[in-house]
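Shared between the two complexes below is chain A, which has chain B as its partner in the first and chain C in the second.
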Partner chain A sequence: MTRYALGPIAALVLWELIARGLAGSFVLAPPSAIAVYLVENFGLIARALGVTLGNAAAGFVIGNCAAIALAACAIVWPRSDAAIRGAALLVFCLPLVATGPILRVVFGPGPWPQIVLAALAVYYTTLIPLLVGLRAVPSDWLDLLRSYGRGRFSALLHVRAMAALPYLVAGLQIAAPAAFLGAMVGEFTGAERGMGVLTIRAMRGMNVEMTWTLAAVATAVAMLGYWGIGAIAARMLQEDPPVILAAPAALKGGGLGTAAMVAFLVVLVWDVGLRLLDLNTFFAKGPLDVFDALALAPDARDTWSILLRALGETAVFLVPGYFAGLVLGALIAMLIVLVPSVAGTAMPIAIALRSVPIITTAPLVVLLMGRGAAGTMVLVAIMVFFPTLIACLHGLRQAPSRVMDVMNSYAAGPLQQLMRVRIPAMLPAFFAAARMNVPASVLAVTVVEWLATGNGIGSTMALSASVSDYDLLWSAVVIVSLLCVVGYGVVGLVERRVLRVYAPEQLA
Partner chain B sequence: MTVAVQCEGVAKTFGASVEAVSPIDLHLVAGQTTALVGPSGCGKSTLLRMIAGLEVPSAGTVLIGGAPPSQTLRDADLAVAFQDPSLLPWRSVRRNIELALDLARRPKRAEEIEQLIRLVGLEGFADARPAELSGGMRQRAAIARALSTQPALLLLDEPFGAVDELTRQQLAQDLPALWEARGTTTLLVTHSVSEAVMLSDRVIVLSPRPARIVADVTIDLPRPRRPEMARDPDFGQFTEHVFAALSKGVADTLPKAAQ
Partner chain C sequence: MTQVSKLTRRSVLATGAAALGATTLGQPAWAQAKANLQLSWLHSTQFAGSYIALKRGYYEGLEVALQQGGPNAPVEPPVVSGTALIGISAADYTAAAVQEGAPFKILGVAMQNNPFAIASLAGNPVNEPADLVGKRIGMALTNTPVLQALCTLNGVDINAIEIVPTQYSPQPLVAGDVDCLLCWATDLPVAMTIQGVDNVTMLMADYGYAVHSQTYIATEDSLTNRRADILALMAGEVKGWGDYRADTDAATQLTLDMFPDAGLDADTQRLQAARQVPLMFSELTDANGFGWWTDDTVAANIETLGLLGRTVTADLWDRSILEEIHGA
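Presenting the complex of A and B:
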């Protein structure tokens, strides 16, 4: 117990000392000041936290129920699988910051935009593990059921649901901090109450204590959610929830056909949905309006030049940050594994840090690094770093113990084991992290640009929302989502090539 | 070079109370093949792992040629073929064998590797990845890997479990010839009595957990032993003898009430 307490205590003391050293530079609040601020403003923060928690919880329930329903549908009706995955990915790639204002004009004032954003932030990370889990059933079991004349529904109820439970838990665990993050992003983009609103206020007012206190509270709450679900799971399940590496589905001969079908479906749902909701066409732009704005309108060329310039600015921060996060995550995971005495304590700390809703710390990064390029890149890198570190640590330690026995029987040293067994065994996890980090890094970069830097596509979306240029806003959302899907697909293709060599069993 | 193995009072207890191996004295004669036979879960694999230096005994000492196993491991003078083939899935059969040679700091001679692959009947599969092989073929690849470094001490942990009968008979002829030529000290863990008698100079019978030695049978059948020998009355006597010891060991360990 003392061993686990020592690290955090040392970190707190160091933090306190550094913050005191930097006093007056308006950057870092010491833990003591955070505690004082928390006590003095307890009512304010508790009320805001209550609002945000309520929205996050509602979004958590809605998003996860949607994920469970979609997954069940894909299993009972296998033909819908490709369409469900495709549409889900596209929606997952929506830039949440820009979705916020659109939802706000759709729903009007109230908590619904935040709730929907929280739901959007969680459903994908639940859906994908669940689909893997529902299929992670030995085919013998299914044959057994079939030999008793039972069909897909009984298979789903009796066998698949139970087999998928650990995967569902793994998804829910990640969903808890993600829901909080989604709700806060919703509040960033214009709400009346909640932690996100206070954060914006603190940032505008350069209130260092308040910013740090809010980030600390948000982090603590998200971590509690993560640990809480983990603790419930540990009581319910025999085994640890698996770490999900779900390989991307193959783009077989019908891949392009499937993509076209998914695109058609999404456009159809979008168009029909807007008509059914009967929204004001001033802000509710359908697919035809976006096509018009990007292709036919007299100012289409201007729209493109605005978007391309903004995207170029974003790419300059996004791409280096993304790769820096990946490389650092993998390297540090390797270092940790090389020093076994560190590995034991590093894993729980790393997992705890993964549950930090990084986005909610965006204001801190802005405080620390300023509103320039460095801050943006650092935030993207941090956003990518933690999931990569966890995945790589897991991958590195996943090397089968039996293979390690062989290595030991030749007295192979730690470096040999790392190079010859652990790193190859890590590659699937690394690429899975790289793929899932594409949307995450886009979210990070757009949030910082929206909140702080005034550069790039995030800022363009913020501006277009504030001047009610909804053609431009919807066009930006479409383009960013598509680019994000393409990025995800490209990493997925590389991943499949790697898996074919290093983990062929995952490509079943 | 041949080495003898000396286990003095070697015991293993897992956790607080699970006694896997009760104190055992066991001497493996240099250049001989010794089989460890016992019922499933009796601790014979644990004993093998302690000799291999992969498991630290709770009591007693293991000496290989007078040195502790860690020394033998460092000199790469020992190789283990595990029950699970434990091949690296991203390397072909050939490259899996080369890995062992690399780790043992032995030269990689293409001709010798080919020969080994032929010996275990994997001709034409040198460039296949483990996923493309059957369970028995993977086990044979693991055996080839264990043989590749020409270890002085070879430890085989039920390496023929998934190998088909015909191939097993072939291996039972070829492998002892190779060990004899190299002077390899071999320890074979198995639960097949006839396999133990066919391959070994000596069969040690272990009781159910915690393992202790209930019989030590010298198999002085002539070599080379051809598959037909399995129908030989002498062979039958040895298997009878070992089997009787095995059954007695099980019966003695059962609680009296259950009999």
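Presenting the complex of A and C:
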């Protein structure tokens, strides 16, 4: 236990020293000042926490239930798989700048916009690992079930659900800080109270103690959520991961056909949805409006040039940040498996990085990395890093103990075990992380650009909303979503090539 | 505008009664009409006049709810959709929305002088636009047209200023990343003063930047069909802001009492409330009443808005509500 405590204590001391060193620049408060502020303003923070936590919890439950239902539907009815993945991806791509005001108009005052944004922040990162987990089943188990004359539904209930549990846990653990952050950002749409409201106030008032107290409380809550889910899961997940020896899967055809069908469905839902909600066309633009703005309107060329320039600026930060976050997440996960005591320091920091709102961390990152591209890249990498780390950690633990026993009996060292058993076992989870981080990193970069750096596509979207250029905003949303789909497809291609060798059951 | 001002007292009463009938449909006859006022930002003394009106019952015959704004809460959508009867906007945002097809009118101008300012540290001050040459200014890139307009109005070459995209916070200035900030005179400079950072504020309105701010906007449809409600709401605003001016400290105290969960700092709010007064009240409002404008101020606005790339005409402003309230 003392070994686990040493890291955090050292981190706290370091934090205190750095914060005191930076006292004149108003970017970081030391832990001692946070403690004092918390004691003096306990009522205020507690009330705000109650509001935000309630919304985050509601969003967490709704978002994850939706993910479970969608995943079950995709497995029981495989034809719907592509449509569900496609639609889920597109909905997750929708930027907060665009959805926030619409949710506020649809729901009016009250907590619903915050709850919906929290739910939107979590459902996708649960859905993708879950879809992997539901396929992480030895084919002979399914054959056995089939030989008893049972159908897909029984397979889901008796075999697949059990196999998917570790992946579901990974999804829920990633969701805990995401839900909290989603609820906080949801408060930017005009909520009366909560941690997000206080954060805006503290940042503008240059109240560093208040800013970092809010960040510390948000982190603590997210950490409790993460550990709580982990603890419940540890009691439930007693079973050893199965050895999966499956025949290589046949290649599926008709990719373009399904893509066209998904595109048609999305456009239909979009158009009909706006009509059903009876939203004013001044700010709620339909598919035809966007087509008009991008293809027919006299200023279509201007719109394209604005969008392309902004996208170019964004890509410079996004692509390196995405890969850095991915690689770092996988490496730290491996390090934690090799040297478990690292987890005591690494996990709190990882959770903190994910649960502290970007507007709080951005000034610190900018101070350390400068105001140029490096700062934004780091912020994107931070957002990608945490889901990758969690997914990979769970993936590494999917190494079957029977195979590990074989390794042990041949006296294979930890590094050998990692290279030959754990990393191959991790690959499905890693690629799930790589896929779900495509839209997540795009979302991250737009939020960073909107709230912190003020350039690129995120800033363009915020600007277009503030000057009521909703044609431009919706066009940007469509283009960004399409690019997400392309990025997702590219990662999927790489994944298929790799998993065909290491985890063919995923391609079935 | 001419058509609206030709309305007789009788027709106003008639449409007002029709609007009341429409809004109270399905409610008991004695129920008050309801209306939302969409604020442009988080609760603070920035809107204290409205809090006074609410607390002291100045919105006669109307049950008003004040909807808070925020970083991701543009004012225009709720007003266009009718969720809010009146919104707090600014002439530049309203002009942009009208260009995009929103049927808005400006009914009143709470901030006669635009609150945009250049804030700098006392040791390296920007006292006038010419001082901007060679300086690094921290601002959202989205505000580049604002800086461009200031430069054009004062013959300063914008290329001689280095624009650094920053988030809306005094921190980059205090940390020395930039030499000055483009911000509101009533928020970031106040925060610095409260934190003990000696700073200088140059109000852009003093250098020709004429854009009405904290303007009351409503749709043409509401102006016709809910005129009585709009009159009641605006009359309450006029009375509330009158009380505010008489005692900004009392207005601050009321704000703090009404929003204990908003994390408001008493000293910051008191200073902000006081600094807001010269932006909101002038010889013009002394002579004609709160929210007023003249053809001259509108002409100056149209010119500045033109520099910002917004083409508007004088009929964006509709003074008929204020004229009725102030009895002009």
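Side notes on the structure shown:
Going forward, the second predicted complex is superposed on the first by the 340 of 508 C-alpha atoms of A that agree within 3 Å, B and C clash if a C-alpha of one lies under 4 Å from a C-alpha of the other, contacts with A are read in each partner's own complex, and residues count from 1 in each chain.
Convention: contacts are C-beta pairs under 8 Å (C-beta built on N, C-alpha and C of every residue); 3 or more make two chains touch, one makes a residue touch a chain.
Small disclaimer: the values here were computed from a predicted structure and weren't measured.
When the two complexes are overlaid on their common chain A, residue A:S409 makes contact with chain B while staying clear of chain C. Legend: residue contacts after superposition of the two complexes on their common chain; A:P109 is shown touching chain C, with no touch to chain B.
Of the two partner chains placed by superposition, A:G492 touches none, neither chain B nor chain C. In the superposed model, A:P95 lies in contact with neither chain B nor chain C.
In the superposed model, A:A503 makes contact with chain B only, not with chain C. When chain A is checked against chain B and against chain C, the one touching more of its residues turns out to be C.
Of the two partner chains placed by the overlay, only chain C lies in contact with A:Y470; chain B stays clear of it. Counting contacts by the rule stated earlier, no residue of chain A appears in both its interface with chain B and its interface with chain C. Within the complex formed with chain A, the chain B residues making contact are 49, 52-54, 70, 73-74, 76, 78-80, 82, 84, 86-90, 99-100, 103-104, 129, 131, 145, 149.
Looking at the complex, you find that chain A touches chain B at residues 400, 402-403, 405-412, 416, 420-421, 424, 501-505. For chain C in complex with chain A, the residues that touch the partner chain are 42-43, 65, 67-74, 76-78, 80-81, 83, 93, 96-97, 99-102, 139-142, 164-172, 174-177, 187-188, 191-192, 194-195, 260-265, 268. Residue ranges of chain A in contact with chain C, taken from their complex: 24-27, 44, 47-48, 51, 96-97, 100-102, 104-105, 108-109, 185, 187-193, 197-198, 200-207, 210, 279-280, 282-283, 359, 362-363, 366-367, 371, 451-455, 459, 462-463, 465-471.
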